[in-house]
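Look for subunit A in each of the two complexes below; its partner is subunit B in the first and subunit C in the second.
This part shows the complex of A and B:
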């Protein structure tokens, strides 16, 4: 028996075990990121390869008058989505947990139903909601509203409402992910705590504030990071739903990047925008980590 | 004597079994054929989801390859995302990984031409055949030396559809459109529908109003000029036409969310629209969709202009080009176009041929609508052969959305569009 094998698990050097994971991450994540950075400092287009090192793409992107509006739309889209995804995901997770505790029938089916939206591809999600939001006299949602004596609503033709519609479509698809993360965390809370709270006469709101929310804080932090990055990268559902219009009303940064590469054929500028997207994602992650810095101690 | 499609189908029927053997999901011909041509095509013919269309093209391809037993064609499908697919195709060709032969959207043809990746197919097409093409097609597919760099095998155009029970007479001018549409609104209809959302159809359909006044998007060097000189006012006038329609309620606000020609078919089927700006191909779709008595109410006419004698219509379609510098492959690519697509393929699908001779050759073009289409094609304008066109289109889509939704005045929107296009142009 060697000396190494006599070491306790915590004393074994981790490097050999980490090498495969590091190599896979490097090959599939780091190399493409470095390549994007390289192209951002070039004059590459989709038609012609890079011929020189240049900061012209950065200057062009950062001086583009459309950029501030696109970034503002992106931030609004992300912030509203992240907040709403947490609230809706948590509400559904608690509803399912409560239903299961009371052994109500159909909880598994309900959970599956919510998850079904999550597996729908983004493009299909956009098309589904485009049909629902259709403002024609025979449009689905407006017909329903009309039957109730309401509407019609300019779901996609009004710039402000179009962004709301894009948020609704994203929430419909993204809520399932939040729900499953928070549901798993909620299931991990020791039921004894709730029994003690009940014995102490704590009501549902008090129990939620004193037990559920503090113990879910870490899961909420992780979920916030994940859905922030997911929402920041969303473009397929918006592409299918509005194409970014009317005008630029729903053109988020990811879609702007797509248009820069495939309309302008400007690969270098597209890579600059991709780096900006990366930086925003990283900033969101660090900000959320900082705001929740006490969560890990909870 | 004209060829009857039914006769073609009957004559070809004994070879159906053979066709199935020769045509697979990614190959036409025998797998052990010594020579291979790679061909990237769209999913609308040989691999169409419509079984009749698929069978017809399988026959045409089978006959083609049976006459060339030393060859097999390896087929590669493009998705429907034209911009992305064509950009990827060009990138692959430049890297030496492209197919030998490919379908290229007419709006992208100039980009491929300017990139110098198209190989001449002169051996296949005679001077007479080239001369018989519509002028804008001929200009697009040939270079200064007269080389045939592609073959634009079908075209399309935009026309005004109207429900004659609501709008009996075809409006000839923009003002007449507004009057007719407002009258239709009073009858409880949507007056006129057109593409106004963020997609190529919006820019392309609207450009007819600009071109009708003689406006040009780019100069002879491919530089954007739509916001300069006389073009500027023509551009603003064409935007104002759409703006007036929406502000007067002649067109519903929802046009800014229309990003699909199918929306017009749906409105026609629901009986809610009086007029729409659509593509020629929608005539056949309406005939197949609407009950006969409802379809009888629908008629097509040329797109109205600012005055009755100022007309234009955007013309699109697809071309096929050789991308291999092997002359044998370039020739085979040309023969695929000539023997399969430009002729029998046109006629089977009812797609508009790009030369007069084919209209005369097939019964499929005997309908009265084709006379109107042929007449309107005389005012056909193709998108400019300039690399900057996709960005001009993008900015026009943004501009129209901003103006029609009230987010910007036409002047402000034009300034923003011109500035963005100029910045993109300087980066090319």
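This part shows the complex of A and C:
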């Protein structure tokens, strides 16, 4: 029984245990990504194989007059969402943390409500907000505004307003994720720090600036990256809400890619766009690794 | 003391304002789903319908196709979630219990692949499924759900395994049990809440999936509810908003209900994962 000592914890060979996970990562992520890159330089269609190597798709995508607008919309959509998601998520996390500390009733119910929006399928999210943004006089928001003597607002038919509406729908669903990450980080802060601050007579704002915010910096940084990539990859809720319209006002890169492949059936161009999506996502991911390293050194 | 009281009141004011934002879509959906067509045109004035009706739900649920969509959604989500957890268990166990070089790299690459949009990998996967003659088969969707759910499941299960004292396993080891025995008889039963959380989360994510079944399943009868309501929405007009609202509620309710019922367990698993991650 020489194997006995080898089976002691920490001395087993990990390879057999890792086989399923590594195979999945290879077959469903690594190889497809290489295949996308290969297809981007080909003339393949969704079902026909590639017959020649070409950069035609790259040139076609880059010279597509719609692309600059799509990229600009995407960046605007991501930046606005990420900033708003952080602020909303942080505000809710801190409010709930405060409420729990003070043992106020209703905190769990509120958290449940926010989380409930999170598990709504993206398509349903788009459809629900499409109903809410209905511009007819009996539409939800317009009839509420009408009751207050305001409006009506062209929620979905005005290009700029449509993007605002898409952001609102995304915030409704996305806030829960930021809330969980920041709430977890807030709970990780040593309560004695706050006791010391209170003894020193620091007010709430000063405590927030001097203790909470600096100690949440890493969580906020990591969350920024995760939320940016999630927002970048979002398209089903926009597809259901506006279909990318009016015109191309709400057509973000992920939706543009989807339309290119599955409506225009232009596989090569879709792969070029998918590569662009992938590159942006990976750029954010490298950033996360870099941020984590910085945090573990300190 | 009174300053704290004031702050309590401000806390509630802020939470109520935010609560309205999060509650209105749900409340409105319920309100619309209970209205007759005539009351839909009355807007906010009939937030509480004067003649509430379940006719919309009856219309939706008496359509056999709708029940099939729900069943398809459940079937695909559960099978995909189960596959994700099954694939994740060995890797999570290794990352929790075995000290090996490259463990950090494994965990980071699992995190990294979550940054890849399904949109990126779906094109090659579609072509392969086509070549293998698996298009329009549930197995193709389930396989991809398993692959998409696995990374998060590994993270959550690793955290769950980490929480189980090693001493329990060492005791069994002295008794001569093999690693696999220990995993099956001791670790997995003790990690049941973590496994359940990982499974439910994967399942809820799958329930929300639109892209993969939309692309891989062409036949109406194979669709899960997420794809079906998208198609349904394309066919409704202003006069059937109340039906769409009822359909949306039916599509949303299973995921929300299960999540709300189990949220204490799931949220604590997520929080543990977020702290470690």
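Just so it is clear, the second predicted complex is superposed on the first by the 257 of 298 C-alpha atoms of A that agree within 3 Å, B and C clash if a C-alpha of one lies under 4 Å from a C-alpha of the other, contacts with A are read in each partner's own complex, and residues count from 1 in each chain.
Convention: a contact is a pair of C-beta atoms (placed from the backbone, for glycine too) under 8 Å apart; a residue touches a chain by one contact, two chains touch by 3 or more.
This one's a predicted model, so the numbers in the text were calculated from it and none came from an experiment.
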Which superposed partner A:26 touches (first subunit B, second subunit C, both, neither): neither
First, second, both or neither for A:66, with subunit B first and subunit C second: first
Touching partner for A:213 - first (subunit B), second (subunit C), both, neither: neither
Greater subunit A contact set [subunit C / subunit B]: C
First (subunit B), second (subunit C), both or neither touched by A:154: first
First (subunit B), second (subunit C), both or neither touched by A:83: neither
First, second, both or neither for A:17, with subunit B first and subunit C second: second
Which of subunit B and subunit C A:196 touches, first, second, both or neither: neither
Partner chain in contact with A:138 - subunit B first, subunit C second, else both or neither: both
First, second, both or neither for A:287, with subunit B first and subunit C second: neither
Intersection of the subunit A residues that touch subunit B with those that touch subunit C: 46-47, 134, 136-138, 261-262
Touching residues on subunit A, where the partner in the complex is subunit C: 7-10, 12-14, 16-22, 24-25, 27-29, 31-33, 35-36, 39, 46-47, 88, 91-92, 95-96, 98-99, 102, 104, 106, 110-117, 119-124, 127-132, 134, 136-140, 142-144, 146-147, 172, 175, 180-181, 183-185, 187-188, 204, 219, 222, 229, 232-233, 235-236, 239-240, 254, 257-258, 261-262, 267, 270-271, 274-275, 277-278, 281-282, 284-285, 288-289
Contact footprint of subunit B on subunit A as seen in their complex: 45-49, 56-57, 60, 63-66, 133-138, 154-159, 162, 242-249, 251, 259, 261-266, 269
Residues of subunit C that touch subunit A when the two form their complex: 4, 7-8, 11-12, 14-15, 18-19, 21-26, 28-29, 32, 40-45, 87-88, 90-91, 93-94, 97-100, 103, 106, 108-113, 115-121, 123-127, 130, 143-144, 146-148, 150, 154, 166, 169-170, 173, 178-179, 204, 207-211, 215, 226-227, 229-230, 233, 238, 241, 244-245, 248, 251-252, 255-256, 259-260, 263, 267, 270-271, 274-275, 277
Touch list for subunit B against partner subunit A, complex: 83-84, 87-88, 90-91, 94, 111, 115, 190, 196-199, 252-257, 259, 263, 266-267, 270, 272, 387, 390-391, 393-394, 397-399, 401-402, 404-405, 407-408, 416, 419-420, 423-424, 427-428
